[in-house]
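Both complexes below contain chain A, partnered by chain B and then by chain C.
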Partner chain A sequence: MSDQGPVPAGTPQLKSLNCPNCGATLTLRTFGQAVTVVCAGCHSILDAQDPRLKILQTFQVATGEDRPLIPLGTRGTIRGTKYEAIGFQRRSIRVDGIPYSWHEYVLFNPYQGFRYLTEYDGHWNDTSPLRSLPSLGRVGNTLTYLGETYQHFQTANATTSFVLGEFPWQVRVGESVEVSDYVSPPRVISSEKTGNEVTWSMGEYIAGRDLWKAFQLAGDAPAPIGVFENQPSPLRANVRTTWTMVTVFLTLLVALAVAVYSTARDEPVFEDSYSYNTNVRGEASFVTDMFELKGHTSDVVLTTSADVDNNWIYLNYALINEDTGHAYDFGREVSYYHGHDADGSWSEGGQKDSVTLPSVAPGHYYLRIEPESDPHHGNISYRVALRRDVPQIGFFWLGGLLLLIPALLISWRSMNFEHLRWAESDYGGAPSASFLGAVESAVSSVKDSMDGGDE
Partner chain B sequence: MIRSFFLIYGIAVLAGVSFAEYRGWSLNRVDEVPNVPKSVRDNPGSYRSVYGYYHHYTGGK
Partner chain C sequence: MTQPSANCPNCGAKVTFRWSASVQTVCEYCKSILIRTDLNLEKVGQVADLPPNSSPIQVGTEGVYGSHAFVAIGRIIYEYDQGNWNEWHLMMNNGTSGWLSDAQDEYVVTFAAPGRKLPKECRVGQQYAWDKETYVVATITKAHYRGVEGELPFQYWNKVDVVFVDLMTQAGKFATIDYSDEDPALYLGESVQFDSLKLKNLRTFEGWS
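For the complex of A and B:
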């Protein structure tokens, strides 16, 4: 919307007449282009084409029952053209026994003709008639117009329940038309069917505050309630951007994993074999030879392999820094059981176990090892091996998860927005509101962006 | 806005993963005991592990 653009030359001349029913002064703003005019005093609908203003219909309402938010006679600039609000009507539909009403404003410019604004619960649409017919989709719930596909949203019988001002058609209170809406946010295409006649119009969602600015109305536009059928999702661009960024960062994470795995030293620092005789009583603990952890502080992976077979060995370990007296104290069990029963063969455990000790400083170390097992199992051989600076795959999975969480949250919020939109439709839920639909949409966004999108 | 947020967030995640890998962090936790006497090396039995007297699984199916 802009203040620039063509403006009708001179001030339009108003024509004043009197209502033949109540004598109130009528103001005609459309230079004879209106077909009907409604008296603001007695609400008689008059034939604006008849010099005597023949009364077409009278309806009883309290004056000011439904006051237009944009007062008739107010001028505002829409898409560079100055329009004047000349007509106002309320239309209602009934869904599951519940009446829903919206308001329509007729705008007029002597050079551009008529334009319409619709308002429902603070949601506004700038509407104008279609210049060519849309083509209906094969299954009937979509239509295509100028290469864009519109999804059927709702069909209902709309009844005019209040009118005021001038109209370029034979308006009547109580007249009903079948209205169908097809949406492709921020646009909606509506058809109005009366008998064999179908008229098509296209609406584009417009923020109330922009209209208030365009018509220089006092105060603030009423805050929109809920999600409207063609309201653009404020999260749609965010979903696309976020998934594009996630793709970039996941790629960088994979590159980082490749770099870490190719540069990590994964260095063997100690390895030795031992044997534990469970039949021998006495002190079982012993210490290993000294070994050195070089380089920077890094993790140390201790692997225990034992020839257990239907038995177990438990090893109390302490990795002790000879220089500082700092010890890492932990215990590991290696157990392996297997056999056959009525269900077939089974096994539990294994003959190997690994544990990672985090952030071990460089220095001279030794291991204190104290084996335990059931008595009378005999000799159990086991092997202990230590490696330092071993890459941890878990951090890459965690990093990937952390990158995905915000994208999934934003996608979920976007899905929720669509769910709220489609909850008001004839279908009661978004056609693509399923999880698979969301994933499909996300994949499509990423694909679009990789195909040279502007994100 | 969202682009800036995610740029900072993504860099922070990558930096965190890199730092964790470099410093050898682990998702495991191990008890650490300070000031273990040097005499342990000569008398291993004098050290008592906090994991001693563990109740071992001795079952099988």
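For the complex of A and C:
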């Protein structure tokens, strides 16, 4: 600066003026940046650039005065910068003849400029103008900004229906602009079209309680009603973590299954064939030769094959430990029926049955077998085979299923949230991309865990 | 570095130039608009009272853009139907001059980009490509020249109505075509965050410190 002469620019002062319509005192808080200012006393819209505050418009408050939840003149810190609430407007749209209204707050900092807060049913957005152009998607109902895709949500004519305080543009009650919203929660990109000029802004969802803290407002922020267009799904993060964990556990489960498969011996220990004459009445039970179950305690699979044909055989088994006398008693039925009827051929059952005894100690064993069937059906041949240490896949399927249930449940709830969001849109339902959102995030978390990412 | 200086032909006050390439300046005392000639200063006009303006920037504000420090040494003020804005003339530390536009605290840094082919007139939505960037016409502003202050790289004082065309890209680049002369002038640059300019020697505002 020059070491001589006057300072070219002094310290801008706050100005108090009187409303030329009603005489009420007006405080101008933006040091001349505002273009219009609204008298709180008589609702005259005044030319803030004119030292005499020329009246531009007077409007009747038809539906009762709206009181800003953040009183004008209140200061609060947003993203590290202090802002003062200086303007407030209500805008309304009509959808199927039903009016919907939201509120917009103009915030001001003499260095950082203007910023906006919007509020609808307790849902808040922190909004700033875009510094570059978004690109419209090829399909026409999406746009891309900084690599992120936004889904078109709604286009409507928004009409200003109530104003208070200062505005950095020519505000008038009754004026409308075409507003389009494109969402990618927690963000929303809005375009406002006046004539052929389009202005773009980006809003980010912000919790009311955070604003109440920032502006040190009394009481509690009004609870949000319903699901808002760019409200982040509280489940989305859960969906991701759940699927990540499920992926980790499923991987472990598969590794375990592979380990079990590769170490299981699947060893045949006994096999023999028998015949049961149903024509002979009397005691049919008998015992087999002895065999040895070696190694560690393991499962034992007993397979019964019988040449039943429109017939059945029931076998009472006892696997008896010769050393301890401990017996495993169980019964198995092999039945096979088939034939023809009006619907064609049918069959039921089969000629083979398998059963698993989960954990049998090593030792010397024999089987006691007692066959039963309908009398006078001739001879039934059957074969009994025993294997030990057989890998069991069933447990792994069950484990996998148990893991998937909570993940699917939470994904379903997340889809429900998206459904509520999109029910309010121009489309009445979620675009397919959004329905796939849960699946998408599942896939990406799988990918993350593969990459070793830790989101 | 010695700064060239002379006396105001109107009031006799000492007039110092911060930038040797400045063509025009305004006397801080009597607000005469002065043009540098080979030998002397010539008064070509008078600045009327400037409109109340609350740009946080002032003549003497210093900052950094990219790898270059700068100081604001002059400005042009325009008025339009949404208020007024300033085009601050920056003297960059590499000897070139740049512009920092402040419209309601929206900041854009641009540099003169001569030699490009420019349209005689354009409409909102039209696209132009310069330096491999595609610019889209975003706004067309009819403005009034309202006044000047400090040093400028060209003569600029007897304007009335001027038209500016602002263009944007998808990558945050910004272009302005200034139609105030017979030959339109292009300025290319980008929109910038206030904090990124690391401005010093700003104005202070009552109630904000």
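Please note the rule applied: the second predicted complex is superposed on the first by the 342 of 455 C-alpha atoms of A that agree within 3 Å, B and C clash if a C-alpha of one lies under 4 Å from a C-alpha of the other, contacts with A are read in each partner's own complex, and residues count from 1 in each chain.
Going forward, a contact is a pair of C-beta atoms (placed from the backbone, for glycine too) under 8 Å apart; a residue touches a chain by one contact, two chains touch by 3 or more.
If you're wondering where the values come from, they're calculated on a predicted model, not measured in any experiment.
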{"item": "Which superposed partner A:Glu348 touches (first chain B, second chain C, both, neither)", "value": "first"}
{"item": "Chain B versus chain C as contact partner of A:Phe31, first or second or both or neither", "value": "second"}
{"item": "Which of chain B and chain C A:Pro362 touches, first, second, both or neither", "value": "neither"}
{"item": "Chain B versus chain C as contact partner of A:Ser335, first or second or both or neither", "value": "first"}
{"item": "First, second, both or neither for A:Ala327, with chain B first and chain C second", "value": "first"}
{"item": "Chain C versus chain B, contacts on chain A by residue", "value": "B"}
{"item": "First (chain B), second (chain C), both or neither touched by A:Asp299", "value": "first"}
{"item": "Overlap of the chain B and chain C footprints on chain A, listed as residue numbers", "value": "none"}
{"item": "Chain A contact footprint on chain B (complex, rising order)", "value": "2-3, 6-7, 9-10, 13-14, 16-18, 20-38, 40-41, 44-45, 47, 49-52, 54, 56-61"}
{"item": "For the chain A and chain B complex, residues of the former touching the latter", "value": "237-238, 241-242, 245-246, 248-249, 252-253, 256, 260, 264, 283, 285-287, 296-300, 310, 312, 314, 316-318, 320, 322, 325-331, 333, 335, 337-339, 341, 346, 348, 355-360, 366, 368, 370, 372, 374, 388-389, 391-392, 394-396, 398-399, 402-403, 406, 410"}
{"item": "Chain A contact footprint on chain C (complex, rising order)", "value": "13-14, 16, 28-29, 51-54, 56, 58-60, 81-84, 104-106, 123-125, 136, 138-139, 149-150, 168-173, 191, 194-195, 201-208"}
{"item": "Interface residues, chain A side, partner chain C - complex", "value": "1-2, 4-6, 8-14, 30-35, 49, 82, 109-114, 129, 131-135, 168-170, 196-198"}
